[in-house]
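Below: one structure, written as structure tokens.
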Amino acid sequence: MPAKNGKQFVDRINLAKPSVWFRGEQIDGRLSDHSAFRGLMSTQAQLYDMQIHPDYKERMTYASPTTGDPVGLSFLQPKTKEDLKKRRQMMMLWGEKHHGLLGRSPDYMNTGLMAFYAAADLLGEKEPQFADNMRKYYEFCRENDISLSHAFIQPHASRYDELLEDGSIQSCAARIVEENEDGIIVDGAFLLATQGVTTDEILVYPPASAFIPEEDNPRTFAFAVPTNLPGIRWICRESLVAGDSVFDYPLSSRFEEMDTLVLFENVLVPWDRVFILGNDRLSIRLFSESGFHVHCAHQVLCRYIAKTEFTLGVILYMAETLDRSSLPATIDKVSEVIVHLETLKSLLLASEAGATLDRFGSMLPDRRPLWTANVIFPKVYPRMMEMIQILGSSGVIMIPSEHDFASRIKPDLDKYLRGSEVSATAKTALFRLAWDLSSSSFGGRQTLYERFFFGDTSVVTNRLYHSYSDLGAYIDKVKAFLGEKEE
Amino acid sequence: MPAKNGKQFVDRINLAKPSVWFRGEQIDGRLSDHSAFRGLMSTQAQLYDMQIHPDYKERMTYASPTTGDPVGLSFLQPKTKEDLKKRRQMMMLWGEKHHGLLGRSPDYMNTGLMAFYAAADLLGEKEPQFADNMRKYYEFCRENDISLSHAFIQPHASRYDELLEDGSIQSCAARIVEENEDGIIVDGAFLLATQGVTTDEILVYPPASAFIPEEDNPRTFAFAVPTNLPGIRWICRESLVAGDSVFDYPLSSRFEEMDTLVLFENVLVPWDRVFILGNDRLSIRLFSESGFHVHCAHQVLCRYIAKTEFTLGVILYMAETLDRSSLPATIDKVSEVIVHLETLKSLLLASEAGATLDRFGSMLPDRRPLWTANVIFPKVYPRMMEMIQILGSSGVIMIPSEHDFASRIKPDLDKYLRGSEVSATAKTALFRLAWDLSSSSFGGRQTLYERFFFGDTSVVTNRLYHSYSDLGAYIDKVKAFLGEKEE
Amino acid sequence: MPAKNGKQFVDRINLAKPSVWFRGEQIDGRLSDHSAFRGLMSTQAQLYDMQIHPDYKERMTYASPTTGDPVGLSFLQPKTKEDLKKRRQMMMLWGEKHHGLLGRSPDYMNTGLMAFYAAADLLGEKEPQFADNMRKYYEFCRENDISLSHAFIQPHASRYDELLEDGSIQSCAARIVEENEDGIIVDGAFLLATQGVTTDEILVYPPASAFIPEEDNPRTFAFAVPTNLPGIRWICRESLVAGDSVFDYPLSSRFEEMDTLVLFENVLVPWDRVFILGNDRLSIRLFSESGFHVHCAHQVLCRYIAKTEFTLGVILYMAETLDRSSLPATIDKVSEVIVHLETLKSLLLASEAGATLDRFGSMLPDRRPLWTANVIFPKVYPRMMEMIQILGSSGVIMIPSEHDFASRIKPDLDKYLRGSEVSATAKTALFRLAWDLSSSSFGGRQTLYERFFFGDTSVVTNRLYHSYSDLGAYIDKVKAFLGEKEE
Amino acid sequence: MPAKNGKQFVDRINLAKPSVWFRGEQIDGRLSDHSAFRGLMSTQAQLYDMQIHPDYKERMTYASPTTGDPVGLSFLQPKTKEDLKKRRQMMMLWGEKHHGLLGRSPDYMNTGLMAFYAAADLLGEKEPQFADNMRKYYEFCRENDISLSHAFIQPHASRYDELLEDGSIQSCAARIVEENEDGIIVDGAFLLATQGVTTDEILVYPPASAFIPEEDNPRTFAFAVPTNLPGIRWICRESLVAGDSVFDYPLSSRFEEMDTLVLFENVLVPWDRVFILGNDRLSIRLFSESGFHVHCAHQVLCRYIAKTEFTLGVILYMAETLDRSSLPATIDKVSEVIVHLETLKSLLLASEAGATLDRFGSMLPDRRPLWTANVIFPKVYPRMMEMIQILGSSGVIMIPSEHDFASRIKPDLDKYLRGSEVSATAKTALFRLAWDLSSSSFGGRQTLYERFFFGDTSVVTNRLYHSYSDLGAYIDKVKAFLGEKEE
């Protein structure tokens, strides 16, 4: 199956039947029927349907180098600036469809996998097989339009030692407990596999021990497996879907990406799915040299832009219904959003304009504008949500439901809740959206999520700082100005 | 019934049976059984129970001047600084019980009513009866421990004119449509009566027309009525109670104060409940001269302090379970909260230290420190919520439920979700609290609510600015410094 | 004289002998000998020398369409994106020479004049002569490398009416008092002609009355005149040159651009120098349609970037001498500057990438990224100065002078004031620079100047807001999302 | 000489003739004649004159316990809250005289010395003589109204090791090089003795080595000596006095407190002036237990308030002359200053209300509100300066001089530079003040100085954090709320 459609996506997920725990019970039926997943899966399906829709197909796929069939464009390894542009246009199409509300739109992980694939040589430096595994796995995913989640952070508790009954001390950190003919056996847990159970497979790669890199560290590995492999269990967090009504819960009914704790209890990972084994140095280099974060950040920046544009629309529409469009306080808020939007768009442009070929033949976007966006957006997004609250005031809260508008009290609502040239129903729909974006549990998770999307403040700041490899040149300018000899 | 207990509170509310609309249906049974109200009413009941509890009774009540029975201390008109201190201590007791999470703890409206009562002479300047009505109403409330809500803001739509079928143009602004022997007949709607249906009565006072004050304005009035008067309907907003489990929803299960749109459809308000009628000038003076906002702000500042202390505890406890207490980033956050706490406490102290007797014989706190607190807190509170998200990171979201801990997956949760010297259950309980405070729908409404509690930014700023009546003195200092003759 | 060199610049200024008042006295000798001007003029001369220097000449000039001689590239009307790039490269060369410290580097006004010239047709709509005047004046300036200042703001007092002795009431606003055969006679004053007396000519254009545009408003005009025309007097403000020593005052000794109040006392402006007369509507259109601000903002953004790079160097060098380069607090500061630098550079790139031909045939940069930069920088610059103070602490103040290092106490200074791998002299030179940039009177004026460079906050914010002409499109996205029919 | 007057102050300083180096030369004549000192000394003299002025004498002095003569009230050890109030009133009198612009108003060091004296027992724990030295020294200062500076920070270079010619390695950190019959011999340098040469004596106390406290550390000591002791040299920084004209330089001509680098070259400190010797532990305890910082912070907070009030006056007066008093943007700014002022005043009140007797019998203000003020003000002050720039715009820069108003161009200035109901002269005087406060070199140093007055951000933050000794109580509240057993 090349680029799939929505139905194919849903059917495959339903067929897999991974072991999913939700509020203390294992889910039995089809995920697409479950209240916590059906809205999201329907949204995902709509994204996949765009791949086969005549209006979009050409922009969303390319001809598979293997079969010539159309495959998803986010799998494309960019070799020219034109490729980058095509990728960006495709990612903007999906981004504008989900308005940046899906952190795990399929293009995100497709892009990450592509980056690993492009740098597969690196994996094979010691064990050619691992490079081969990665290439085959990438091809498998591309040709079958496999959707992926990923996991790499271990629970906080993995840092503590535990005294067992037999007197031994053990930590619960994930590790390889055995290697055998068939593969490696992995035991441990990983945090926050977003959309873990609404994808086909999961890519797992705990970060290497950066301080004392080892050659044979049982805690260092990278592999990919189907979600339903024996021994894997998925523990869902609180669901933030407030209801199925698109009117009442315009976002949580459609965009709630479940996060899961994923448990590996002595799971056998077949050899052909292993990409790194024990080698800390290689694990570190894979991330710093493959361009994984850079390519992903290119996708993320497209998403930031789509989300900022959507938020701008919400703010403008709210101001309009409140007759406040031309107030200085509104113009200030709108201008502030415009500043962010122009900045993000310019950074995206600059990342492509400054792209260069890396040693794997990939056209790698300039990382500096991308890291800049990753530093800016986690501050910008909460501020925009604050603006929505400040602009909407009690209107963001005093929101009746679809049921109210279908009841005897409708005439009163129509009379008292209408806005400036907008009906009470339309105004309520808008303000429910404002609420779901800025103030509901769904909105709260989105804000939290954006704060940490690409790492916490110190991670993204350091990444940017270290991307400036030539800081001495700025000092030299000052020395020259002061009449000192440049070094 | 003097100071009542929790059961009496609940029984009276259940008995009243006002017309409450929730999700398109009129509530039929007892409010205290309804999912949207039972948690809150139970919390309110606990507050009232303190009034008769031997540990608190003496600090929470005083002897009624009429009967000598113990009545609620928040009804006490303060005549000395000692009275202010007693009131503050009583308000802190309740505040520390609900941790500042109830905007409509009973002392809030009790205090407001007390301020109107103390200034009743003003109401009687033209119509002695109105002063008398107020005095009797206050006594009635105090002696029966009546709980009150209030409403004064009209829906945005009240500003628009509407073309009726008969060709006439009408606005839906609230107004007196008739006066007759029995009273006044009122028609219109008011926004956001918080806790409207979990109180006994509602005080209604739309602001006067400040621009062209009239003597006989049908839109200017003030009165109080029981919640169940014929013609009154209460439209509930979306309920933010996520469930009954105190473990899963530690806040929304107990502190969700429903906001309502309250509709008056030709409601007859008896004459003895009318306090202002048509007189814009009087309405304006009532608020500026009675000390209503000042006395209420004294209560509000107690609440701010209780809430800040609770938040400080949450932040400290989170840091402890994450082994991050001694990190500079944590010390920065904690110190920032301490700065706010010390500031709020000092402002409270200053408001009492600078209190003066007003012409009604009330010991009126200094309004300047109070208005300062009202300017500060709406910025401080969202910032503290932000700190919780930043400190807790994905832990604030990756929260299993009570059901999970009661199921087969408990051992895994115990293993992987424990914190530093704290069990997985205790840590989860804490992080669910952090979530409910900072990121859930309940938390979102709290943040929004605090932004606007005492008016929007420009209202609270102007109130503070105008409380500085002697700004010229500061200019004179500069003129003297510059050698100019002081004016 | 085509593109001139430094000596030619200085000689011409010295020859002009305008009427300049400084500390209550009219300056008599050569401006280039005067303490308030010699440093600046020497810096300006260095810029002009670059025009004839073999290393830069090709990048700084182009062949005059009239004579084929090399003329200054900032006079070039850009007709292609390649032209824009050439202009940018030339402006960066000058910007990197003066590190953004000159607000009135010659390219600024050259660019503004070019914009008026390109749009000269507009001036001629009613009076073809005015268009012709502008074209000839531009050619005169380009071919003679005339340096220009400009003035347009009237003193605050021009808004007040004054009662004269004869009983008449008059305002001191600038106006045309007479028109005669030779030209127009102008009376009034203009604020803050920066570098007014160190240029050859001044362009004057008070803004039109925007509210009631007239056809024959004596207060609306635009013209250009030499600085030494009879009746023109220049009143200097406090000079911020702290001394001639480049070691002690590395900035004020070289970059202090004097601001002047320029008085026109019945000055006869010849007809061939008049570009607008009385026509409010035209005056308004000139600014909105000529691209004056857009072209200038392109130059300003180059300057912003040069200044940010210089500041980055200062911060990095300070951290190095204090052994603090690798502290997290330093990395935070440096990263913050990098964020600003990447943002400004991306906005510059975007303004060129989005350039379009306007109806006058000019390749006009996209104004939206430019206005964004104009909103950002006035906040960024003071923040960077703050960082210098915070990083340098008392070192920014505890600065001995050149004299100290030439005296008997030198050994003590060498011992106690050295830094990490840097001598006391070099460290002192650096910290004197840090002081002069962030904390001296010169630095204070720079900070103030940047806050208002392109208008105050509300002006630059509104300019950006109105450049988004398609805000409705964002609302339509939200309507589509909510299922409403797009309008 | 008990409480001295201004003339006595000046005479004594002039008589001392310390070794002062200024711009590479040793000052020869009377300091009070020197351009860098005369303005400041005149201001100081005015403060001292208040001590004998009939209007202030009673509030500024108290009867010496030794002689009954009036001595300066800032020497008073507070034993009751009434004493604290007297001290505060006295400090406010001086503060309002210098508007908070003197960081080293005499009450600052008098207060610090008083704190050491009150805790003298501590100094005598091992060597009773040291306690006695302190008591006698305090009495000497109080009875002779000795003015003091202090020094404790060593130059950055003291951290580096230096290779000497003889192959030995040495750091330039200050240390005791010898002890003999007469006293201790000290060698080294200290940074930034503010007002070092315009006081009688200097108190020196480098901080102890906090990490490995020793009993006999040659780098740990505390002593006081006259400024003119042989071997002491004072190196002045750049003087920021811009001129003598009070009109042109209203602040720098009167309030420029010179900072000095003070060099000790084998200086013999007599035994009776030694307070600590070698004992790191004692040195640490002296600061943590004596209340030195607390008592000083009480003085500092008075100064903060005076400075904030002065700034408020400047902002209000500027707005008035610009006709902008009632604009929302102005009300916002003024309200922001009021928020700071109310906060600082409330914190001062709270520090006194919460004062408690310490074990030395001193009534010690509550440190928590004081540390809070020390965290707040360094952020507030630069922000207020920013407001002055934003409000005044180019008016803060376009400032003619006293000479201009005495010249032929006066009529033009009068016409064009007047404000709303204020003459050009008065407006210029005000805006020169605004400039000198916010933007001149003098203003730049004030801003820098306030940022670091009581330590950098991390020092003042940690001081506040550690003053909250009962943080566990806040955690317990949360545990109780969650139903956990309190610990």
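Each chain gets a letter, A, B, C and D, in the order it is written, and its residues are counted from 1.
The criterion applied here is as follows: a residue touches a chain if its C-beta (ideal position, glycine included) is under 8 Å from a C-beta of that chain, and two chains touch if they have at least 3 such contacts.
On a predicted model such as this, the values are computed, not experimentally measured, just so you know.
S.K.: Touching subunit C and subunit D alike: which chains?
M.R.: Both subunit C and subunit D are touched by no common chain, going by the contact rule given at the top.
S.K.: If you check the contacts of subunit B and subunit C, which chains show up for both?
M.R.: Touching subunit B and subunit C alike, sorted by label: A, D.
S.K.: Averaging only over C-alpha atoms, locate the centres of subunit A and subunit B and give their separation in whole Å.
M.R.: Chain centres of subunit A and subunit B, defined by C-alpha means, are spaced 40 Å apart.
S.K.: Between subunit A and subunit D, what distance separates the C-alpha centroids? Give it in angstrom.
M.R.: Whole-Å distance between the two chain centres: 54.
S.K.: Measure off the straight-line distance from the CA centroid of subunit B to the CA centroid of subunit D, and report it in whole Å.
M.R.: Spacing between the chain centres: roughly 44 Å.
S.K.: Could you check subunit C for residues that touch two or more other chains and list them?
M.R.: Not one residue of subunit C touches more than one other chain, so the list is empty.
S.K.: Could you draw the chains as nodes, link the ones that touch, and say if you get a line, ring, star, complete or other?
M.R.: Chain contacts: single closed ring, each chain with exactly two partners.
S.K.: Show me, using the given definition of touch, all chain pairs that touch one another.
M.R.: Every pair of chains in contact is listed here: A-B, A-C, B-D, C-D.
S.K.: Give every residue of subunit D touching subunit B within the complex, in rising order.
M.R.: 96, 99, 246, 250, 309-310, 312-314, 316-317, 320, 328, 331-332, 334-335, 338-339, 342-343, 345-347, 349-350, 353, 368-369, 372, 375-376, 426, 429-430, 433, 458, 461-462, 464-465, 468, 471, 474-479, 481-484
S.K.: Tell me, which parts of subunit D touch subunit C in their complex?
M.R.: Against subunit C, subunit D makes touches at 21, 23-25, 153, 155-160, 172, 189, 191-192, 233, 235, 237-238, 242, 248, 259, 261, 263, 322-323, 382, 386, 389-390, 393-401, 403-407, 409, 412-413, 415-420, 424, 435, 438-441, 443-445, 447-449, 451-452, 456-457.
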